[in-house]
Amino acid sequence: MYFESFADFIAMGRHGFYVWLAYGIALAIFVFNIVHPMLQRKKIIADLKRRERREQQKRT
Amino acid sequence: MSLVTATIKRDLLIAARRPGEWLNPLMFFLMVLALFPMAVDPDPKFLAKIAAGVVWVAALLATLLSLDSLFKEDVEDGSLEQWLASGESLYALALGKAFVHWCMTGLPLTIAAPLLALMLNLPDDAYGVLFLSLLIATPILSLLGAVGAALTAGVRSGGLLLSLVIMPLYVPVLIFASNAVYQAGLGMVYQGQLGFLGAIFFLAVTLTPFATAAALKLNLSR
Amino acid sequence: MWDYLVRLYHKLGSPKWFYEISGKWLPWFVVPAALCLIVGAVWGLAFAPADYQQGDSFRIIYIHVPSALLAQSAYIMMAVCGAVFLIWRMKMAAWVAASIAPIGATMCFLALITGAIWGKPTWGTWWVWDARLTSMLLLLFLFFGVMAIQQAMETEENAAKAGAILSLVGLVNIPIIKYSVEWWNTLHQPATFKMTEKPAMALDMLWPLLIMVIGFYLFFGAMVMIRTRNEILQRERKKNWVKKVVQEQAAK
């Protein structure tokens, strides 16, 4: 461990704000990049399901 | 080949009969030039420092404005479909259209800018290089612009999209051209910058018509 | 080996096969990606030594460099996919290109933001017209342009073609842009050193960086596959195999 204590780790030698801000934004962007396509997929599948149901109803 | 020259002649004739086509970009250019001293600082020493850059930015913006209508009418009135049906080379057509645009915008700017740069107190040594840089680089702007105009020809309010799409491509031209003028004003070396602009010009004149032709074909299938 | 690769390439060109193959490959991308990212981040944050001149703010490099590299690679990949689509009319290539664009743009944005945040303690201002940052900004504009032109086209085929043409024009321009910006920057460079310079970096600083780069690229691969699978489901919705997939999903 490079740092003496956990407090030192958070402080990052006075640059704590910047380092954690950067990593925080990175995390947010990663999460967005994961969540957005997954939500899209759910929406597409739900859409297609609904369409299929309507087609079935039309045929019967 | 005859269709290309016929189109060029027609477009130039139309432009001659509609002075607005080539006067408006010039007026816009003049107005943008005037904005800087008014918004920042009219002090001649300050203006001398920024003149090269401001003239070039204004020229770039004026070019962008006039690009919007490059292919719009041809898409709308069906000329574009006639071209494709004729079997003539779209590459040559694209080149011809870019040339027409340069005649209507780049050429007037090249002639007028050194005169108008007086208002910005451009250093004496820079005027010749300003003319040269405009002469070499405005065709590049027209050629690259033609690609963007062809891509956005059928799009509503395509003008803004056009600017967004072309801006990054214009940056190297802007950097070298304005720097050449600035260095010339300081009495320093500028030939390298002009040489690089020449290289970009040859790259553009050979390659961009392919992209423009491909983009024009897109507008036909709607 | 070569035959296998050629066959694989052709298989990937079929939407159904791509969907099935990517479904099998996904865990192999996601799990290693997560591992690399976590290990790399923890190593870089807690265990790597601080930089002599910049102190601990230099740890931002473990995000800034991978995202910058990825943004540039993503653009090149997008342009290559565009070329494949234009030349061989392979629909899959267009869909992959469309999937890459938003991911590449967010990576570009991340590189810019982390660059700016890193710049503040290093140079005292949030934004500096450093050559790398300026090139990255222009790359972001190039990404936006491709995404914007795709949105503006009416048919999906035209959108794919327009995007492909524009990304290729951009691709030819990228070396010119980078050269011109670096040249411009050396003329106007501030007196401090470039922050993403790669001097002889100590090994214990370099390892976490390599791991993060691998993690980012694996993550990118996984994301492209996920987004492309969505595109496939959407575009091929009339096909029977898609209907079966939907039913299986619905049953879950």
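Labels for the chains are A, B and C, by order of writing; each one numbers its residues from 1.
Simple rule for what comes next: a residue touches a chain if its C-beta (ideal position, glycine included) is under 8 Å from a C-beta of that chain, and two chains touch if they have at least 3 such contacts.
Nothing here was measured: the structure is a model prediction, and the numbers come from that model.
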| item | value |
| --- | --- |
| Chain centroid nearest the full-protein CA centroid | C |
| From chain C, the most remote chain by mean C-alpha position | B |
| Centre-to-centre distance between chain B and chain A (centres being mean Cα positions), rounded to whole Å | 43 |
| Rounded Å distance, chain A centre to chain C centre (Cα mean) | 16 |
| Length of the line joining the C-alpha centres of chain B and chain C, rounded to whole Å | 32 |
| List of chain A residues in touch with chain C within their complex | 1-3, 9, 12-16, 18-19, 21-23, 25-26, 29-30, 32-34, 37-38, 40-41, 44-45, 48-49, 51-52 |
| In the complex, chain C residues that touch chain A | 37, 41, 45-50, 55-57, 59-60, 63-64, 67, 103, 106-107, 109-110, 113-114, 117-118, 120-121, 219, 223, 226-227, 229-230, 233-234, 237, 242-243, 246-247, 249-250 |
| Residue ranges of chain B in contact with chain C within the complex | 144, 147, 151-152, 154-155, 158, 161, 164-169, 171-172, 175-176, 179, 196, 200, 203, 207-208, 211, 214-215, 218, 221-222 |
| Residues of chain C defined as touching chain B within the complex | 86, 138-139, 141-142, 144-145, 148-149, 152-155, 157-158, 161-162, 165-166, 168-170, 172-173, 176-177, 179-181, 183-184, 187 |
